[in-house]
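Dropping the structures in below, format is structure tokens.
Shared between the two complexes below is chain A, which has chain B as its partner in the first and chain C in the second.
Presenting the complex of A and B:
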């Protein structure tokens, strides 16, 4: 066994096998994150020389109504997404209750998740097209005279964007809940049935508590994921009209790559990181539990 | 009573399915219609006389370049990611060293960060080394940003490989490299294929990095390329539909063949987080 230990703790091999991964992650993920905070201290157009201005960008950001508006939209989407998880869990509960054809249904549900956000955005731009889109064609044939111009309407746009987000992610969460529900030992459910529990009782008292751990993980996933939303919104509305659908990531992107305000953009990007990390920790804490489920 | 309950459940599930699938079917049908048909007709109608010209028009417009770029960038980045992630996972789970936990933690940190926080510094770095508007920047960013999820999926499998397999190989006098390439990699084939598929989907669909780092048409991938196309076909719905169908078809075909692998990969990539 000595030889085994010796071979398997060969420092050179360990170095060689982990180096590519470590190097890439350090250079292209970790260092840029720190640089983002650092660039945030500069007045900089991305091309010319940087000028150190201390915390000015961060102070401006905290007083920037547009930034707060975009943060508000990001958090609204996060809350919507969190709430929609309950619906996905309900669908998964039905799906996992020994019905026939559920395998096909799960696959159908998942298809939108596999498409690029750009394609989804372009498709839904067409769905929402005021005069010829699918949605308004249906509404008009149902007798609605003046259906709204969804993506051009300040009050509706955020809601209109949220629908394709649900469309995109529903299958993903349903799949996860389904897998968790299928992991519950059949004997537990049989025992409850013998004791005379109704399907609703079994769902509420046995199934949901047993998938709670997975549910909590998905709360973190969906909440944090929502704060980073970008592709779909950027393509569908570009944050418009008048910033009514601007989110943190799209605001940062515009500052950097449309206004060439790299210093301020970096500061917003860094704030996005800080906010995401804080929210991750808070949501993890809020949903943390110490029970380990053992069957 | 029980039958009524079942029917209601099926109706619920069916409605969700219609909501999920209908926009895609609508897309396929309008990609084969003329504007008149789309604007006058009802959205549920099938194209009477399918306009395959829409597809021809899009190919003549040069979507082939974007398509090819998407293919080669996806393939190269996926192969590199899975190889590098496999090596790292092997060293972390099978080799004996004190810092393995720390290294795993550093790699996993990549799962949490919003890419937008790193975007400006990345852009600046690539600008300094002349990799802006060079597909290499895209490939190495894809590899890097997919490493965490790939390691995460591989990790579970690697921890279950029996020690005896390694012992037997070493007693037979095999080097670690040989053991890794001719024993560990082959037995990890099933989980590797899962990561390959997940990586391919991510890379095929990626948008922000290409949109930021690439400006020449000749290097653009489909996600960014279709933006140009759609801008140029502003009012020609058939051509826009055809463009979108071309961009999503490979993924849908892959799903028809590998749906179980894909579902397994998606579940694995989420729950362990």
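Presenting the complex of A and C:
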């Protein structure tokens, strides 16, 4: 310990050890970030010469109904993923209890996490296929005459894609909660049992308060992840039909790579960053802990 | 203090090593390149992967092998991606000035930013030299921008409605010549629980072809759509609005498979090819699947026929087509091996012509004498139709600039989905096109 303290008290060494990570982040994230803000000031088709047009792109973006529609969809996704966390916590509570079979269930919940996004997308495209898909086959055998065409229906498509997105991350959050729950000292629960607490009381009054800090972190994670979400939307619908499932990231992509408007696309990308930053700050404020709960 | 030094030293070494590693990366690459400089490498990217375009893929490999055998000082380095991924990658590569020496491009509006951004080399010398008079009239023009050729066309396509003869026979149906007859066929098929038309409108260019054909037929002799795109007439022309109305009539009559707006073209095609839908409008690049492709069951290939897009209320002629040149070859302007790249591109085009006919079964953009060749009947028929064509309207999304094309494709999805009225559909197009 003594050596460690000596090393850690030397500012130069701290600087040296963190330097590689900072360099990587600067080159891979920070510099491109400012560059995209800078490109947002340009009229640029991504191929030819750039022309400086000031804040025009940003002003247009703020009045762009399609951008705000995609922002609304991103926020809807954030809210739904946030709500799904409660379900994951409930599942994790069950998995962390000493019931038979939880070991197997834990592994089953993890499987979606091991699949790549594209594989998941292809899987769910097949599930949602209007005439040959699993979902509509089941619905028809249950007597539904005209099951919806999930990915083609403007009112349904967004929610139809939310299902696999939320399903995809189930394992990740359950695993985090599971680890946090396993960290709770057994003695606390034993003591509560001796005092006559019911399993529900133990869960609500001991377990959940003790994993609250972890829960707050995951709220931020799921919000940020949802706002910048792209993968399944791109593969499953490309934001269509006519923007009904467009989110901010897919709109940015479409502008830059399909419409060859890199200047405007970059501006949207920069706005996406600002929106995500603001939301992160707000969510962290809202969930800030006034008191550390310890038993 | 000794302990401290023991930690500082390795830390500095580590940082130094990372720096060196980062800096030396480029040197390593150059060293490799120079060591093999006696044989020049031409990078070639194409969009016919083995899985989805087996015959194209094989023929390309044959041509490359022949070329390398004839030109021992040139090596071809190959990269293959499927259509959509190819488009994405080309954009990224051109932004970072790393285009392959030879690659594939689409004509007109698609290649305009590349030409204006000075990414594609002018190929006038190649076209005027050994390839003079090789191309079918009209194909080269689509690749000509600012009076100079920037792409060597490979394909020529027209679109027709392919249909399943077995299904038609079963219900006593005949090839329609008018839209009314087509509507009757759709009604009969729907009564019998057969999906009439396969359409994958998530790839909205497929829906766009339906719209373009209706516009062409309704407008009669004048090429209204092209004129509207060229700003000679307004997009709110009655013919273009009427065509949008007819699209919605088709949709309302359940002409297309359910959920078409959420299906990709590949999914729609597989429904037609697994006999789950009776008709499918696509361009002749899919001819091999209906004629020579051994991976498709013979029984299905035998049961496929085609008819020309019907006329609407006596207006229009069936000899007018939606189609045009497909992909062509470009040579990168900043290529280090530009001359070798041009040699390869020129060689490829010459070899492609006959092989495209005999081995792939698609129609090349170069003239080929087909009399001496043994070809599938459907292929010969399509060639005859092409020769008798009075007009070929180039795909709308290729004619338009990239951003206008995106609006067009979104609007097509909205029109098919019943989200916009035909009037608003035309109005949005007019506003977008007039802004450019």
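Assorted remarks:
Please note the rule applied: the second predicted complex is superposed on the first by the 265 of 295 C-alpha atoms of A that agree within 3 Å, B and C clash if a C-alpha of one lies under 4 Å from a C-alpha of the other, contacts with A are read in each partner's own complex, and residues count from 1 in each chain.
As a working rule, a residue touches a chain if its C-beta (ideal position, glycine included) is under 8 Å from a C-beta of that chain, and two chains touch if they have at least 3 such contacts.
Everything quoted here is computed from the prediction, not taken from an experiment.
In the superposition on chain A, contact of A:46 is made with both chain B and chain C. In the superposition on chain A, A:254 makes contact with chain C only, not with chain B.
By the touch criterion defined above, A:80 lies against neither chain B nor chain C after alignment on the C-alpha atoms of chain A. By the touch criterion stated above, A:20 is placed in contact with chain B and with chain C alike.
By the touch criterion stated above, A:241 is placed in contact with chain C alone, chain B being left untouched. In the superposition on chain A, A:231 makes contact with chain B only, while chain C stays out of contact range. Once the two complexes are laid over each other on the shared chain, residue contacts for A:149 go to chain C alone; chain B is not touched. Look at A:273: by the touch rule set out above, it reaches chain B but stays clear of chain C. Of the two partner chains placed around the shared chain by superposition, chain B and chain C are both touched by A:10. Greater residue coverage of chain A by touch, when chain B is weighed against chain C, goes to B. Overlaid on A, the two complexes show chain B and chain C touching the same residues of chain A, namely 3, 7, 10, 13, 17, 20, 46, 131-132, 257, 262. Within the complex formed with chain A, the chain C residues making contact are 3-4, 7-8, 11-12, 14-15, 18, 87-88, 91, 94-95, 113-114, 116-119, 195, 201-202, 204, 257-263, 267, 271, 276, 402-403, 405-406, 410-411, 413-414, 416-417, 419.
Residues of chain A touching chain B in their complex: 3-5, 7-11, 13-14, 17-18, 20-22, 24-33, 35-36, 39, 46, 91, 94-95, 97, 99, 102, 105-119, 122-124, 126-127, 131-132, 134, 137-138, 141, 167, 170-172, 175-176, 179-180, 214, 217-218, 220-221, 224, 227-228, 230-231, 235, 248-249, 252-253, 256-257, 262, 265-266, 269-270, 272-273, 276-277, 280.
Those residues of chain A lying in contact with chain C across their complex are 3, 6-7, 10, 12-13, 16-17, 19-20, 23, 45-49, 125, 128-132, 149-154, 157, 237-238, 240-243, 254, 257-262.
Contact residues of chain B toward chain A in the complex are 6, 9-10, 12-13, 16-17, 19-21, 23-24, 26-27, 30, 38-39, 42-43, 84-85, 87-88, 90-92, 94-97, 103, 106-107, 109-110, 112-125, 140-141, 143-145, 147-148, 151, 166-167, 170-171, 176-177, 180, 201, 204-208, 212, 222-224, 226-227, 230, 237, 240-241, 244, 247-248, 251-252, 255, 259, 262-263, 266-267, 270-271, 273.
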